[in-house]
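Dropping the structure in here first, questions after.
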Amino acid sequence: MRLRTSCDLKFEIFEPTPFILMLRPRSGSQQWVEREEYKITPSTPVVEFTDNYGNLCQRLIAQPGMFSISTSSDVVTSNFIDQGFDSPFVEIQNLPDAVLSYLLPSRYCESDCFNEMGAAITEGQLMGYNQVSAITNWLRENIEYLPGSNNEPLSAIQVNNRQFGVCRDLAHLGIALCRSLSIPARIVVGYLHNLEPMDMHAWFEAYIGNRWYTFDATQVDSPGGYVVLGFGRDAADVAIFNQFGPSVFPIEHLVKVEERL
Amino acid sequence: MRLRTSCDLKFEIFEPTPFILMLRPRSGSQQWVEREEYKITPSTPVVEFTDNYGNLCQRLIAQPGMFSISTSSDVVTSNFIDQGFDSPFVEIQNLPDAVLSYLLPSRYCESDCFNEMGAAITEGQLMGYNQVSAITNWLRENIEYLPGSNNEPLSAIQVNNRQFGVCRDLAHLGIALCRSLSIPARIVVGYLHNLEPMDMHAWFEAYIGNRWYTFDATQVDSPGGYVVLGFGRDAADVAIFNQFGPSVFPIEHLVKVEERL
Amino acid sequence: MRLRTSCDLKFEIFEPTPFILMLRPRSGSQQWVEREEYKITPSTPVVEFTDNYGNLCQRLIAQPGMFSISTSSDVVTSNFIDQGFDSPFVEIQNLPDAVLSYLLPSRYCESDCFNEMGAAITEGQLMGYNQVSAITNWLRENIEYLPGSNNEPLSAIQVNNRQFGVCRDLAHLGIALCRSLSIPARIVVGYLHNLEPMDMHAWFEAYIGNRWYTFDATQVDSPGGYVVLGFGRDAADVAIFNQFGPSVFPIEHLVKVEERL
Amino acid sequence: MRLRTSCDLKFEIFEPTPFILMLRPRSGSQQWVEREEYKITPSTPVVEFTDNYGNLCQRLIAQPGMFSISTSSDVVTSNFIDQGFDSPFVEIQNLPDAVLSYLLPSRYCESDCFNEMGAAITEGQLMGYNQVSAITNWLRENIEYLPGSNNEPLSAIQVNNRQFGVCRDLAHLGIALCRSLSIPARIVVGYLHNLEPMDMHAWFEAYIGNRWYTFDATQVDSPGGYVVLGFGRDAADVAIFNQFGPSVFPIEHLVKVEERL
C-alpha cells in the first residue's frame, strides 16, 4: 500500500523557543519512503540528528511570530500487519544488545508494578506472541479507547485505574504488561490509514521470535497502513514536538493520510 | 586520590537465571582505572556489551547453586569534586545531541510534574550551576537521607511526598527538579570514599557550562573520592544487577572502599 | 540557495545482485532537505541503515531485468562556502572522539607517505586553515583536474605521480596531505551547482577551529551550492552505489542540479 | 585457558606528545577479562573513549622526560580456536549492518585488486569457511612469515610482491583476498600464547555462518590462547599506540604471555 501522509502544525510564538521535532519518517525494514517534504515557515536554521533510538530529530529555535511546519510523505507500507501466532519468547540471553533497554521500566510504563497482572492476563498462553496477543485482547475488552480524552500522557498505572485512554495510553499499559513478562516492548508513533478520527497515532511493538511485531489495541482487526515516525521506550521519547520554555500549543494541527494508487 | 573499591555479591540460584550486571568501572574524563578484577564463581560464560549510555554491562546465565561475583578496582579520582558557581545554563540549542535525552522525564524522575516546584526552589538564582546548587541545598534541608529505608527505588513524586529516602531517591528528586528547569541531569551509581554506612552509592550530575558537574545531597560538604560504575536517566538504567525470572536476592553483599597511598 | 538535484541510474541486471546505495541526502548542520524522492523500479524491498560515518545507506537485491533508481531532492544550502582564514589547528588532545578516525591513513589516502611533502607545501603558513588553503592552491596549480579521465579511484600516491585526476582523486591527495599534518580530513560526495560538466562531485573537508570547513581544488573560486550525500575516509567509503557479484555498470546515469527561486 | 599477558612500553619524550593507545582488552563473546592493570608513569591525565570498531582507546599527552606504560591482564580464553568447515558464505543481504564496512577496501587491504587471485586460490571450494581456509593455507605455503622483517605495515599488494612479511602483513593479504570474495574480514591485534618470538601479534577474522571465525596464517595448526586488544579494517586502525608530532620510538617494549593454572 502506498500512503500519502501529511502533518501541518502552526504555532504563535512569543519569545525565541527551542523545539525538537520528530516528523521525518525513516526508511527501514518495514517501510520505504519514496517522497518526503519538510517545510518550515519562516525559513529557520535547523540541525538534524539521530537520537538513541535511531529516530531522525530536528532541532531549531522558533522566532516570535507565526511559525509553521508542513510535512508530507509518500510511503510504501504493507497492507496487513504481520501476525506471528505461536512465535516463541526470546530468552534474555539471546536478545540483541540493542533490544535490552526495552525490557526496563520507563516514565509511563512502570512495568515493575505489573508482574501479577501480566501473569494473570496471559495465564495458559504459550510464551511469546500469544501472550502479547492475549494482552492486546485484554486491553480491547477492558480499557476503553477514547480518542481526545486527555492531552497529557497517562502512565500504565494511571490508565489501568481510569480504564480509558487515548491510543498512547493503551500502548503504555500494553508495553508495561509485556515488559513484566520479560518481553521487550516499545512505543511507536506515526500515522494509520483510515484512523477514526484522523490524527497522529501511537501503538506498540513487541520483540518475539527474533523480530518486532506490531500490536494495536485500538483497532479491532489487524489492518495494515501503518507509517512509523519514531520509536521509543514510551511517550516521553517520541513526542512529535518537544518545546522548551513557556508552553506553546499548536493553533493548527492537521493530519491526513490518503491512499495513492 | 587512589581508591581501592570492592563489591562482592553472592546468590543462591534455584533455576537458570539471566543476569545483566554493571560492575566494571570505565576510565573516562573523570577517573582512571589502574587495576580492575572481576571474578565469577563458578566460571560462567559472560558477554560484555556497551549500553546506550556508554556503560559496560555483563550478561550471563547463572546456573543453580551458589553463584558469586567478586569485583575490585584501583581507581585514581579527584580529592574534591569540581564546583562551578556561576557557571551558566546551556541553551537547549547549544546542548550536544547526546545530552538531550537527559532532559526528558523518565521512570523515576517525573520532571514534567515539577515545573512550579523547580521554579520556586531556585527563585532569584543565576541560571545554571547556582540553580542546581540551590536544589541540592533544598534537598539537604527538606528530604531526610535515611540509608536502608527502602529497597525499591522511589520516584521523585514519591520521595517528595515521603520527605525521606535513600541516596538514589534523593538523586531522583534532584534530577527531576533540574530537568523541570531544562537542565540536563543524570543519575550516577558507584562508590564513595568514607560513605557511612558503606554501601553502593548514587548521586547525580547536571550539565552546566558545557560539562557535567557532580551533586550529592546526601553529603554535607563536597568531598571527592567518587568512583563511577554507570550513568543513566534514573535507577531503572543503572541497576548494578538486573535479574530476570523468579526474584533472587543476594545472600551476601559486601562493599568496601579504601584509600591507597 | 535552494537547489533541486536529481540522479537517475539504470542498470541491466543478469542475476540477483546485492546493492548498497548512498543516494539519500541527510539534513544536518549545513543543509536542510525540504523535499526528497527516491524511487526504485521495479518495486524492490529495501532496508535503510546508518553507516559508521552517519550516512543513510539503502540495501537491496536487484532482480534480473531492467533496474532503475530515480532520486531527487530540494535542498537549502548556502550561497558561499564558509572560509576561515587564520582559524587555528586543533591540538590532537582537543579533537572530538568522532573526528579522530579522520587522522588515520585509508585506502586511497596514504597519509603516512606524505609527511615531507605536506610540510614543504605548507611551509611558513600559520597552522590550521591557512595550511589547508595552501594545499588546495598547490593542488590547483600542480594537479590537472580532468573530469572523466578515469573510472577507478586513484590513491593520493597515484594522483601525485600522474599529476592529473578527477575530482575524487584530487580530494584524495588533499586529504592525505592534511592528515600528514595531523589535520583531520574527510571526503565528501554529493552535488555542486553549476559543475561543468555536470555529474556527481567529490571534494573534501578539514577539521579546523572546532568545525569542518569545505575545500574544493577543482573550483577556482569558492562558490556555494554544495549538496552532501555522504562523508567518509575516502572514495572506498562513499560510493553512491556498491554492487556485489559480477560487475554491473549503469547503462544510464543522469545527474542534474538546478536552482529553484 | 587462563593467560596472564603484559605489555610494557618506555619512551623518552622531548616535547609534549599526544598519544592514542589501544592497550586495554575488552571482555566480549570470546574472552573474559578477570583482572587488568594499566599504569602510566609519571601519572598523566588520560581520557578513555570507544572508537568506531568498539575498541577502548586511551588518549593522553606525554610530557618531556621518561614516559612508561605498564599493562597486564588475566584473561580467560579458549584452548582451541573454533573451526567451522563447511560453514556457509553469508549473502550480502543477510549481513548485519555493522559488518558491512569490513567488505570495503582499506589502507593496507586493496581488496579491489585481488578479484582474480582470490577466485583462483579458492577454486572448487565450497563458498564460506572452506574458501578462507584455502586462503590461509595458500598464505602458509606462499608467503614466508618473517617476524621482525619490517616495521612499517605492508599492504596486501606489497606483501604479495615481496612474498614475505610479519604477522600483520600476512593478515593484510588474507583480508584482501577474503573481501575480494565478498567475505567480510578484519584484522585483530593482541597476544598469542607461545608465540615465537614473543611479541604483540596480529591475525584476522572472517565473517562466515553468522559469526566471526579466527584465522592465523603464521601458525601451522590451530592453537588457542588468543587475547584480543582490538579490531579494525587493517593495521591503520589498530596501532597499539598512535603518536602525533615528531616520531618517538619505544626504548623498551616488553611483551609476555604466561599460562596461569
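Just so it is clear, A, B, C and D label the chains in written order, and each chain counts residues from 1 on its own.
Following the convention adopted for this analysis, contacts are C-beta pairs under 8 Å (C-beta built on N, C-alpha and C of every residue); 3 or more make two chains touch, one makes a residue touch a chain.
It should be emphasised that the depicted structure is a prediction, and the values quoted were computed from it without experimental measurement.
Any chain bridging chain B and chain D, meaning touching each of them, is missing here; the list is empty.
Chain geometry summary: the mean Cα position of chain A and that of chain D are 43 Å apart. The geometric centre of chain A is 36 Å away from that of chain C, both derived from CA atoms. If you average the Cα atoms of chain C and of chain D, the two centres end up 29 Å apart. Contact of a single residue of chain C with at least two other chains is seen at positions 50.
Taken as a contact graph, the chains are arranged in a single closed ring, with each chain touching exactly two others.
Touching pairs of chains, sorted by label, consist of A-B, A-C, B-D, C-D.
Chain A contributes residues 18, 20, 49-52, 57, 59-61, 91-93, 97, 100-101, 103-107, 109-110, 112, 152, 182, 236-237, 242, 244-245 to its touches with chain B in the complex.
Chain B contributes residues 24, 26-29, 32-39, 43, 45-48, 50, 54, 56, 58, 76 to its touches with chain D in the complex.
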